[in-house]
């Protein structure tokens, strides 16, 4: 296989990129100068060398020593989980890294996070293989035992699979919530910025009326 | 002007309809049989004859006797405002008729409504001519004096002009709120059904975290 | 049924209009003044009264006396078909009225038209009931016998059903073409104005290369 | 700057990729395994090492020895230009590599190509710096002198800048065309596959009627 075809195939796996745009990426790189291509290859290698998965929340992050620096027995922590100033009584369960980044940028949450790694759709056979539900239960149990956990916030998308996953996670955490006395909350529902009332669905309007303040 | 051109011009004023689609409407009507065109003309005439504006909330509605039935001194009321079972202690301020219908369909509100008739954009010269702010103040004063009003809910779109209008209405109602002791609330903000977390703006995420429950 | 619901149902049959936009049309009409509604009802009635179908090409058109003016035995003709200056040796077969109007506006054709009234999709049972193929054959035979027809141009969309219909019409006209010695042509294929070469399909590119000049 | 930010910045230069999708690419790569990232970096390095610019048509292509193999005095040729079986009497002028690939895939052209490298917009100051007009003239002169050139096909997009560029190139080639007796043609215009007649612009309809066959 030619390097152009090989590269097009790899770009074709990028999220939202079809074979046609993958090809355009290759043409773009062919026209670009060598310095740009070298910088891109270098950044990719750096990413590979410096990426690590946080031992607490499970998200991927870049760190000076990367994977290789992980000493035996000592899981590496991302900047948020390592931050002593975070509120350890609150844990937010989130689908994926980018959602975590967005909530963090919004500035509304000061607790810690846990990345579920996906959502489950209704007829899922083995949900525990699709999402990190067992690590979540273990993480919650540890946090409850050690850090006086007071609240777990389920921050999943209000879509069909998001809501199904919230039910599933809530059921799995319920016994722990009773045992350790923490609350399970969900993100608030209502009007989203910029969306005209006229185009809001009835469920959202109902939530917006209920949650008026 | 030909009847086709005249009709195309009139359809061109319909919301969201450009000259091209207006023309397609005319072609559609030309192909349709006479019975359909007659039914359409009849429904239009009925609408004209039977439409009335509610003396309380200000929305347009159809009523057996239409405008002509309005006796001197007795303003006609729409079905919601005439309903004795509605909660008179609550008033929802809404931009336009279709928003009122949608909130009503959502089933979350049992009070009465007031249609503002529009929104105002920041550099508006004479807001009192663009929106029904004076009738609103009068309506609120009457309701407060007569019906022990406890809450006015501002249910405007969370857009730039919607938020500007909410500030303006809130300022106008504040003195009455203090005089009569009612609360001014706004619709709740948060995640809208079906919208993925990843594509929610930061302000909405912040509201969603704050309004978790 | 209320006049608003009845009107919304009728608008819901308009091309490209769903139930939601149909409702918005009704609200728009409720807010509009009585004069506008009267003008619309009048234009509709005029359309109904003044519409006629051309006895030659079959398109609908408006004429002072409308249908009622058609005397026994004398089919009414639209402005194009009645125009003595049109080239009677050329006939263009077209799907629908709006296509005819567009070709006419383009100024590239000086012959006469015939409106087929639709397209047929591959597994069609009774094509002769879906499109006006029999009237077309009769029209072509008459024109060939009377006006020395030299060319029939099939001007249907280059879509799957358009191409299928072109094959079907070509097959139906072939015997007449041989009997009377006229040519059957199709609209030219190639690059469309404004479309970037990069986004043109391969078939179109092939036509464009073949038809270069 | 972190490797993630650096990578996001580089992806942000990809055609059609904004900062948000660039970030999603980085998250995607973080979740992907190391083998995938290595394959991507390797394919990029290969691309850099094996890319060469064709000494005749000017497009970029990958070749075993890449740039380094180019011996002094001997320009490397791409597979098409090196193919003895191509019709040397025909030259197609094209905007960019991807257009060349598409025309080639369409199978309609058996001559050789010349990549102009861009288009010029009407108020361009120094067109000869934006597009490869001088190399084109030189290439055409050589081909005309050596290979009995009979036709130059201008295959640029039928957009405003495409048509402006076609005029400019035509003017530049005209003296050579007269001197050597070759024809300057443009790609054929007409209906594009899949586009409904109703939505075709008038200019395209006019071309389609003129080019009927």
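Order of writing sets the chain letters: A, B, C and D. Residues in each chain are counted from 1.
Just so it is clear, a residue touches a chain if its C-beta (ideal position, glycine included) is under 8 Å from a C-beta of that chain, and two chains touch if they have at least 3 such contacts.
All values derive from a computational prediction rather than experimental measurement.
Trainee: Check every other chain and keep only those touching both subunit A and subunit B; list them.
Mentor: none
Trainee: Please compute the C-alpha centroid of subunit B, do the same for subunit C, then give the distance between them in whole Å.
Mentor: The mean C-alpha positions of subunit B and subunit C differ by 41 Å.
Trainee: Distance between subunit B and subunit D based on Cα centroids, please, to the nearest Å.
Mentor: Computed from C-alpha means, the inter-chain centre distance equals 55 Å.
Trainee: Can you list the residues of subunit D that touch 2 or more other chains?
Mentor: Expected reply: 96, 98.
Trainee: Have a look at which chains touch which and call the overall pattern line, ring, star, complete or other.
Mentor: Graph shape, chains as nodes and touching pairs as edges: a ring.
Trainee: Pairs of chains that touch, anyone?
Mentor: Listed in label order, the chain pairs in contact are A-B, A-D, B-C, C-D.
Trainee: Which stretch or stretches of subunit C touch subunit B in the complex?
Mentor: Residues in contact with subunit B: 2-4, 6-7, 10, 13-16, 21, 23-31, 34, 36-41, 43-48, 50-51, 60, 62, 96-98.
Trainee: Give the list of subunit B residues in touch with subunit A in this complex.
Mentor: Per the stated touch rule, the residues are 94-96, 98-99, 102-103, 105-109, 153, 155-159, 162, 185-198, 200-213.
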